[in-house]
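To keep things simple, chains are lettered A, B and C as they appear, and every chain counts its residues starting from 1.
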Amino acid sequence: MTTTSTPKSTGRATAFSERTNPVRGEVLLEVEGLQRHFPVTQGIVFQRQTGAVKAVDGIDFQLIAGETLGLVGESGCGKSTTGRLVTRLDEPTGGKITFQGADITHLNRRQMRPFRRDVQIIFQDPFSSLNPRQTVGTIIAAPFDIQGIKSEGGTRKAVQDLMARVGLNPEHYNRYPHEFSGGQRQRIGIARALALRPKLIVCDEPVSALDVSIQAQVVNLLDDLQDEFDLTYLFVAHDLSVVRHISDRVAVMYLGKIVEIAARDELYNHSRHPYTHALLSAVPEPDPDAVKRRERIRLTGDVPSPLNPPTGCRFRTRCWKAQDVCAEQEPPLVQIGAPGHLAACHFPEERDVV
Amino acid sequence: MFNYIVRRLLQMVLILFAISAITFFLFWATPANPALLICGKDCNTERIAEVNASYGFDDPLIVQYGRYMSGLVNPGGRELGSEGSQEHCSWPCLDRSLQNGLQVTDSIADAIGPTFWLATGAAVLWLVSGVLLGLLAALRKGKWLDKLSVGLALFGVSFPTLVLGYLLVFVFIVKGGLLPYPDQANSSPSAGLVPFFQFYILPWVTLALVNAALYTRLTRANMIDTMNEDFIRTARAKGLGERQVVFKHGLRAALTPIVTIFGLDLGALLGGAVITERIFSIQGLGKLSIDSVLGNDLPVVMGVVLVAAFFVVFANIVVDVLYAFIDPRVRLS
Amino acid sequence: MSTTASTEPVQPSGARDASAFLEVRDLHVRFPTDDGLVRAVNGLSFSLQPGETLGIVGESGSGKSVTSLAIMGLHKGSRAQVEGEIWLDGDELVSMRVEEMRRLRGNKVSMIFQDPLSAMHPFYKIGDQLVEAYLVHNDVSKAVAKKRAVDMLDRVGIPSPASRYHDYPHQFSGGMRQRAMIAMALMCDPRLLIADEPTTALDVTVQAQILDLMNDLQKEFNSAIIIITHDLGVVAQMAQKLVVMYGGRVVEAGDVRDIFYRPEHPYAWGLLGSIPRITGGGDRLKSIKGSPPSLINLPTGCPFHPRCDFRDKVPGDACVTDVPELLQIGGTPHAARCHIPSPERQRLFTEQIKPAL
């Protein structure tokens, strides 16, 4: 018999070679003046627009291939919306998104398809993003099926490998989402996002539902996968300690704007923006007696609404350093201190908070 | 939303246009020869030529189609026929039947009544019984009531309409004598409510059974899924009574997909329920369409197809708009 | 032996703790599934005084949420099998009828659920869902309830609460939903508040406000709070008592300082060792090796044994064959469930674990 000498290319191998792999250090994703305003309307049949939630209101940043950009900020400031925009699950109302040189700002669903497997998202609400009628196995296998990718040993084995990698018991292959605990549901979402080995993963609070030990495992896993496959992460989280561990750079958002962005240690040790100070000072320390020792900056004053953001600096209604100029002029995001350290404040200064 | 509705209505007009064209040209692609039909028994080539000329069957198809459509596009309707049989046909003009010379608009208007009563009555019946049974089954999941309704549903789905219809006729009318033989005069409620119900009860049951079974299954499945949702747990955690949990929180969410399907099913039925109308000799759209197809009666075929398509497409629009009212998540996007 | 004098089993064989506001005694919760019986909670006991805050930490999937649902009586009518006793202010909840339980829910005891998007009804306005929670237990007009709802939304820090009242859950950000959920749980000033991961979706400044709010509530109504969280910083700040769960059991319990400064169970050591520090760099995080136990085939003996680094400190195969008892340490409320004798555990902690923390 003739031995088949032609190398049998598995679906995965061919699919991979077609894709241009990003070179470490190149700009993978660029966002300029990104904006998303949600119209607020009244009436159902005859709708009148009565205002807009300015969820993301003109932000710029770059993602370098192979890096992790941490995104932190007040709840409701537009982090998830930003994540949904760069993965194009939502369409910007302004600005531009460039992925590997291609303008993807207004691509429609069909045009986005080639980018879909390159750009994945891990959702913040694990349960509601999982179809309650599908077993976990089906959910994780879905990306394989949609993109028509076969892997050796069958999809089932690939899925069970993934489950094991994110710390799920592969024997739970046939269970439904509601039978899992909160943290387990989150890991299902992670496994699903990893299935296609994308280039960019937006992680929207991927570990906040996990206990610290599994959180450590998942963070390490994300780290390993990044090294192995040159992944780039946009990592949204509230746990500033986790963000410090995983990020190369960190951006701080407040009410639809980036107010400070810098390399990790620069940001944690030499932050300049008052909101960043408030944030870092409020991190609860895992030490019952430390609570009294540390000085937390309590934010007082009106919590501004994205429906009607304050003039000038958006933080001024709660800033203890605010002057008249803060209400009149919006502080630009400019370089302060080390290269790559930008902050938007009229009176930036360092403060020891960590 | 208003813009959306307008856009959808325009879309509907286009779809109906396309359907009319497809029906028209498909009809002529078949070997059917309407002239032969019209000229009747003592037919000869001369007479056929005459018919062809007076009905315009000689003209190129596109001209014939244009003439047909002029009655729908032109708000003034159009003039029909030639020689002594000229008459005005006002908008929306669907031409005249080749078989009996009646204006199609009038035939449809007559047939739509019985079909409407048949379809809506059956729809109410299957909706109420399907949802109720499904709900009970879901709430008593695994108990005998659930098993019973699942069994009934299976039975209902697999029971052929034709058999069921004739069986009912046999048992209740022919053998049992419990109901009078159907009389067309009772096909509208103006004939009195009792005769009206006597006329329709068996057709309703016949037409509703399959859907009732399907809706039972659907409601049961949706309701079981919904009662597993986290928000149901929240509703209980608030201290709400079980009735409020089930009806206000559970059913509301579980019924949403059913509303969609119901709208579409009803829309499809308004175009005529062929089998049921035939069994109970109801002079509805279904019967009209069968007669016209068998008789190669192009104008009536066109009319019936357009009316049926209108109901289907319109039901789609109504359902989509309704959905926006029910589910706030689709409202914005 | 003298050891028995100082290491009392903390088991529910004794009399009930009369002063406790909440007492859970030997609670078991099991779910029959297609794969087999899931033993989510296996003989859990703890108690709580009025005005006190108990923190529950533990592995994801260790039965924390299932326990809270049992206290809320939310397993009733489902296929879950619940055994044991839960005493709340003199009433036993496991055997209580749903109808009676209903009057307590959302009123005397209420709960903040994990995963707030799916926990709210997608078709009703946020405000209306809050109003509903108030109207069930209070005979007031809709207007009064509405005012209360706007008030509560304001207190949890939702900007422009009066107009956001009309939003649907999907229009809120993750953290705003969580705050709405908290507002809903606090509508009726509960005497016992179970907060299941109440602040995971919140940034630290808002988190601090919410924790302050819960403290205020506690002071005002002398409420008891159970706070379930993975954030050991939050526990350190909020709780007086702490319970560490593993595989559906308490493996260590005690005063919060006992567990942060003198932990004795190897799982607790692993947990404390895994905490990421704000001062840390980008190095790898430490974690406990292995994966969570299967609750269908719980490991025999000590459920932690497949992952434990200290099995060699126990002579023979006791870790694999015998379930260790939860034993009190030196007559204090501090207790741990491990075969290694307490003095040895203390030595191990100070010599091997503490320096690495």
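Observations on the model:
Just so it is clear, a residue touches a chain if its C-beta (ideal position, glycine included) is under 8 Å from a C-beta of that chain, and two chains touch if they have at least 3 such contacts.
All values derive from a computational prediction rather than experimental measurement.
Taken pairwise by the contact criterion, the protein chains are fully connected, each one touching every other. Innermost chain of the displayed assembly, by C-alpha centre distance to the whole-protein C-alpha centre, is A. Separation between the centroids of chain B and chain C, computed from CA atoms only, is 57 Å. A straight line joining the Cα centres of chain A and chain C is 28 Å long. Chain B has its Cα centroid 50 Å from the Cα centroid of chain A.
Counting partners per residue, chain A has 38, 127 as the residues that reach two or more other chains.
Among the residues of chain B, those in touch with two or more other chains are 229-230, 332. Chain contacts: chain C has residues 115, 118, 171 touching two or more partner chains. Residues of chain A that touch chain B in their complex: 38-39, 41, 43-47, 127, 132-133, 178. Residue ranges on chain A touching chain C, taken from their complex, read 38, 53, 72-76, 80-81, 124-128, 164, 167, 169, 171-172, 174-175, 179-185, 205, 208-217, 219-220, 223, 238-242, 244-248, 264-265, 268, 278-280, 282-291, 296, 298-299, 302-308, 354. Those residues of chain B whose C-beta lies close enough to touch chain C in the complex are 229-231, 233-242, 249, 252-253, 256, 326-329, 332. Touching chain A in their complex are the following residues of chain C: 31, 33-35, 38, 57-61, 65, 114-118, 157-160, 163, 171-176, 178-179, 197, 200-208, 230-237, 256-257, 260, 270-272, 274-288, 291-292, 294, 296.
Taken together, the chain C residues at the contact with chain B in this complex read 69, 72, 74, 98, 102-107, 110-111, 113, 115, 118-123, 132-133, 136-137, 168, 170-171, 184.
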